[in-house]
Amino acid sequence: MKGWDILYYLVNGLPIGAIYALVALGYSLIYASAGVLNWSQGDMVMLGAFIGYNLHCLLGLNFILALLITTPAVACIGMLVERIVLRSLRKRSSPPVNVVIGTLGVAIICRNLALAIWGPDAQLFRSPVGSVPVEIGTLRLFPQDIFILILGIALMILLQYFLKYTREGKALRAVAQDRMAASLMGIDVGKSDTLAFAASAAMGAVAGILIAPLFFVTFNMGAGIGLKGFVAAVVGGLGNIPGAIGGGFFLGLIESFASGKISSGYRDAIAFTVLILILWLKPAGLFSKITKETV
Amino acid sequence: MDHGEQPILELRNISKRFGGLKALEEINISIETGTVHGIIGPNGAGKSTLFNVITGLLRPNSGEILLKGNPLSHIPPHRRIPLGLARTFQNIRLFKNMTVEDNVLVGQHVHTPTLILSIICGTRPAIEWENKAKESANTCLRRVGLESMKSQFARNLSYGEQKLVEFARALATEPELILLDEPAAGMNAEEKAGLLKIISKLRDDRYTVVLIEHDMRLVMEICDQITVLNHGKKIAEGEPQIVRNHPDVITAYLGKGSNAYAGTR
Amino acid sequence: MERYKSSIPTCLYKLGFIAVILCVPYIIRNLYYLHLINLIGIYCLVVIGLNILTGYTGQISMGQAGFFAVGAYTSALLMMKLGLSFWVATLIAAVVAAVLGIIIAIPALRLTGPYLVMATVGFGEIIRLILVNWVPVTRGAAGLTAIPAPSLFGFRIISEKSFFYLIYIVVALGILIAVRISNSKIGRTFIAIREDELAAKSMGVPTNTYKVSAFAISAIYAGIAGSMFGCFSGVASPDAFTFNDSVGFLCMSIIGGSRSIYGAFIGSVTLTFVSELLRFMQLYRLIIYGAILLLTAILMPQGLSGMGPVFRKFSHRWKGKRRLHGNIQHSQRKER
Amino acid sequence: MDRVRKLFLLLFSLVIGIALISVPYSGSAANKVLKIGSVAPETGDSADLGQAQRRGIQMACDEINEQGWAGDWKLEPHFEDDEGNPTKAASVTNKLIQETKVPVIIGAINSSCTLAAMVHTERAGIPQITSGSTGASITAQGNKWIFRTAVNDSHQAIALIDYAINRLNLKKVSTFTAADDYGQSGAVLLKAAADKAGLEVVVEATYNTGDKDFKPQLLLMKERGTEAIFMWGIYVEPALIGNQARLLGMDCQLFAASGSASHKLIELGGEALQGMILTQSFLPESDIPRVKSFIDNYNKRFGEDPIPHAAQPYDSVYIIADAVRRIDTTDPVKLRDAIANTSGLELVTGSPRFAANGDDVGKRVLITEIRGDAFRLVEIAAVELSD
């Protein structure tokens, strides 16, 4: 029984880790390219879940079609957020903490708009791949978990491809390195910010649709997942794309082990304690090098 | 050395490597009290690295630094200031959103006790120390001629003026040895003349100045001793005239086959 | 932080202001508004500490509700279990909060920006989860009830009016001490650390000690405010010290203007009143609140208290125009 | 950009201006008006419960005003949102008492908010009826202004444990309770009832509201040979737990209390919760005419079945209306006494009768089972009401 449940907690932690990774990618992508923290990322997940729910469950569109419509829709919302919040803040060259408060205002607006539109109740999102578990030995793998892992990892690879090989992707990474130099090279810095916000909002939407069948759709699901995504991004090394993926899975596994082995009441407390210790050892996150500042 | 006194700062075979790159190799320099010592060399010669090692921001791989005879190796940067070591930065690092006077007052930090209780109760000792600090800050500003700009914000000053504020702030720590990292960079001719006057005035007041500078005319005019670094190695040291005509120095600066110019004025 | 000389002799100005403050409870009879004003006083105390930490030293913290909770629970438990008086309990609560502030500050020394934010978020959540799960001591989620009222020379402080005086005397002291500190060498050093920590270190400033003491000061302010909050509301439960409350405190600090002590008061007044006065909008209240938060963050980079220079700029421009106008007429008259 | 800043300042002061003007207006001066204050979390985490309370109260007031059930008193509800935060609950309670000058408050669902509001209703001498908070400390402080029409948790715990032993003779059970005030008081009551009845509790697990993954704890229970899981929390998490338990191949018996009794539980839980036993105070399909008409009206008006958090405030309004009808005044002190000796009222959740400490001991405790897409009555718990 002993070795077996370690494997079990591992398998149980991975799908949640994938969700956290997708949300963390949103934070890291925006922090890398625009150098700011987008606190409304969690609510993009919620919007993705709700719009997906409307299309798939209420209007009866098939799942893939719903996914293909929801993602660009939420991406546009992400662009709108960038346009309103970031553009005017850049114009006033205000401190980065104002962006946090600004996007926080956006988060509160989205949350309560969703409450006004879809009401306070939790909605059920039928899982597109059924729920008959696949049994390997005594281990049970659930189709929705597998689906999350596959689609999540596919999206991560897609993002890596986009950043490495497409023109806009390279522009995004250039802006991340040095905004001034990038704009001197003729890269439209504003457009790449918008692209970053749109891409991260889209990933949030996919995370929302993936998680909806597991954990229902409520208007305030964004807060919890947003915070977990932020924690995962920071632990992985903010702005470091592979770091965000690593941080997400790492957080998922800690939570799964902590609630199984120690006590579920203190699960988040344990997760945070571990993460603060990690930051103490590696102040720039798990997967980033520490840059010593000389003069 | 002619003074016979103990040198204020001695660097004994200091070397520093960043991975494969040898930034400094077996550097031996000793600087006399009350002199202006120039350090010159082409870009990437290791001048700024040398400053970072002296101020403790970088730890040398080998060798020893002696300030007035006692080693500095294990003393953190901020504890070297009370020992009389002050520096300015190559690219300006002023406190932009503070007034010029406050900037210089921060220099006074080590010389005024932090009397928390007296500050909270607003009693006399704190006020006295504050006035004393303001006085010495003003003298430093007067020295660099910026007293009129006292309540201006640092960000509103011109580049040359900001350099002088940083100079004043370094002076405010009441150092014996001042390390100036390219003070004249970005200054116009008139400001450079002013800088020359300030440094020579400092020499008269028995301060020791170590100067990194690219403006050869300024260096040749003000420095008593000059050390030339190239690719982390010391290639020449001595009086300005000797160093100017030193063949290695010319090759380092002007490249091979330029000895024809040696000896011309 | 600008020091602009006001023309009226400052002592007259201050005395008048204090007189107004002292008779507020008699002007505002309605206990609802008095309750709000007391609440604002408590929040203002927390935000002053946060301003010293965020505005002056540049260390953004999203875990202030953790210290606020430590203050409330420590003093409430001390009063209920050991029968200590309010003042002794508050003192101990402030010390406990300061110790916790130092404990969280030490790992935070190596962290900046978002990494520091995450460490403080973690701290806040850990405290709240301990309060929820440590049932034998903190009585779990329902929290502590019947927290005894403070008493001063035998006079029990129960009514909103008496609480008003208790709270605003402590707030006045808090502001006085904060202003003294911020105008002194300590405040100047905090700002130096915010502006350029490396340069400050090169000037001989022991930056680590100052950053830790900034955390300790903000923790003490939040601890004392927490202890008063416990007695003021009579109950203390983990629901009142959530991550949302920490975010609320940060919003008050930033919207009010984190770079000045008075910004704390402006921030706590604005946000507390706005969220109460919008109640007539029922369901859409929080949407408007979010919008106001967004617009204020965008349009006022230095927060509402940062409007000082803007007003002066307007007034200068207005005066300037008049003076300029005057000169033109003067010179035209001369030419004619 | 400065034009926009001036515009914003103008808008900002306009909003504040309207608010200031509209506040005093709310006190209408008609003669026989009974203002009822309602404090509930209409936003925040338990927004669904808060809005159910709002619907229940609104419907009750409209019915009473139409049928003139309370003589010529016109009922006027005033709703305030406490966002599930005790500090906000204290502020809005003060607003209702001082501003809108209500003589009675139906208030708060989270125990922490009710406790915060009680401090101010006791100080102002206003009766307060809570229809959602089940924390034991609420009626244990000797506060004579608080009444509770929420179903009594200890009766439910005793009924559930008794059913598990005598009807299903189970030996090993586990408790899985929320780490909020409702869940923690449930955990204590279940453990006490189980120990008294000699039932072994193998695992006492907890979860935080908003948790999404319960498989680790469920696995621990499965290892220890759990035959039944007693759940205590709002319906979202128990639905998830039931789902994930069935996915883990655990076919143990599921129990829950009135907090999870809602058609949403069935809708979200799906076939995983078939056969789940719940105690609750009223049944949508019950044949009692009073209950039937309430459910039909609610369904007609809001398009869904009512949850307990709508039914209990509905009854509280009737209790208040009945009291005012009897004493024909809204003086808080008289109103308190009138509410205290309410009797002989046949309402949706039973016939309310208040004990000295304010608990409603007239509540029915029904044991129901999920069969198909609704709750089916199994039996009425024969729990004699000791306290």
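Each chain gets a letter, A, B, C and D, in the order it is written, and its residues are counted from 1.
By our rule, contacts are C-beta pairs under 8 Å (C-beta built on N, C-alpha and C of every residue); 3 or more make two chains touch, one makes a residue touch a chain.
A quick note: this is a predicted structure, and the numbers were derived from the prediction, not measured.
Participant: Could you let me know which interface, A-D or A-C, is made of more C-beta pairs in contact?
Facilitator: Between the two chain pairs, A-C has more contacting C-beta pairs.
Participant: Look at all chain centres (mean of CA atoms) and spot the one farthest from the centre of chain B.
Facilitator: D
Participant: Hey, which chain is the most central one here, using CA centres?
Facilitator: Looking at where each chain's C-alpha mean falls, the closest to the middle is C.
Participant: Whole-Å distance, chain A centre to chain C centre, using C-alpha means?
Facilitator: 32
Participant: Based only on mean CA positions, could you tell me how far chain C sits from chain D in angstrom?
Facilitator: Each chain's C-alpha centroid was found; their separation is 36 Å.
Participant: Measuring from the mean C-alpha position of chain B to the mean C-alpha position of chain D, what distance in angstrom results?
Facilitator: The separation of the two C-alpha centroids amounts to 73 Å.
Participant: Where in chain C do residues touch two or more other chains at once?
Facilitator: 129, 132-133, 198, 283, 286, 292, 295-296, 299
Participant: Out of chain D, which residues touch more than one other chain, so two or more?
Facilitator: Each of 1, 43, 179, 206, 208 in chain D touches at least two other chains.
Participant: Among the residues of chain B, pick out those that touch two or more other chains and give their numbers.
Facilitator: 57, 89, 93
Participant: Can you name the residues of chain D that touch chain C in the complex?
Facilitator: Going through chain D, the ones touching chain C are 1, 4-5, 8, 12, 15-16, 18-20, 22-23, 26, 42-43, 79-81, 84-87, 90-92, 94-95, 97-99, 110-113, 115-116, 119-120, 123-124, 135, 137, 141, 179-181, 183-185, 206, 208.
Participant: Under the touch definition given earlier, write down the residues of chain C that touch chain A in their complex.
Facilitator: 54, 60, 107, 110-111, 113-115, 117-119, 121-123, 125-126, 129-130, 132-133, 198, 243, 247, 250-251, 254-255, 258, 283-284, 286-287, 289-299, 301-302
Participant: Taking the touch rule as given, give the residues of chain C at its contact with chain D in the complex, in rising order.
Facilitator: Touch residues, chain C against chain D: 30-33, 35-36, 39, 129, 132-133, 135, 139-143, 145-146, 158, 233-235, 237-240, 242, 244-245, 273-274, 276-280, 282-283, 285-286, 288, 292, 295-296, 299-300.
Participant: Inside the complex, what are the residues of chain C that reach chain B?
Facilitator: On the chain C side, the touching residues are 177, 180-181, 184-186, 188-189, 191-192, 195-196, 198-207.
Participant: Quick check on the complex: what are the chain A residues that touch chain D?
Facilitator: These residues of chain A touch chain D: 1, 5, 8-9, 12, 16, 88, 91-92, 112, 115, 119-122, 124, 131, 133, 140, 142, 211, 214-216, 218-220, 224, 255-256, 259-261, 263-265, 267-268.
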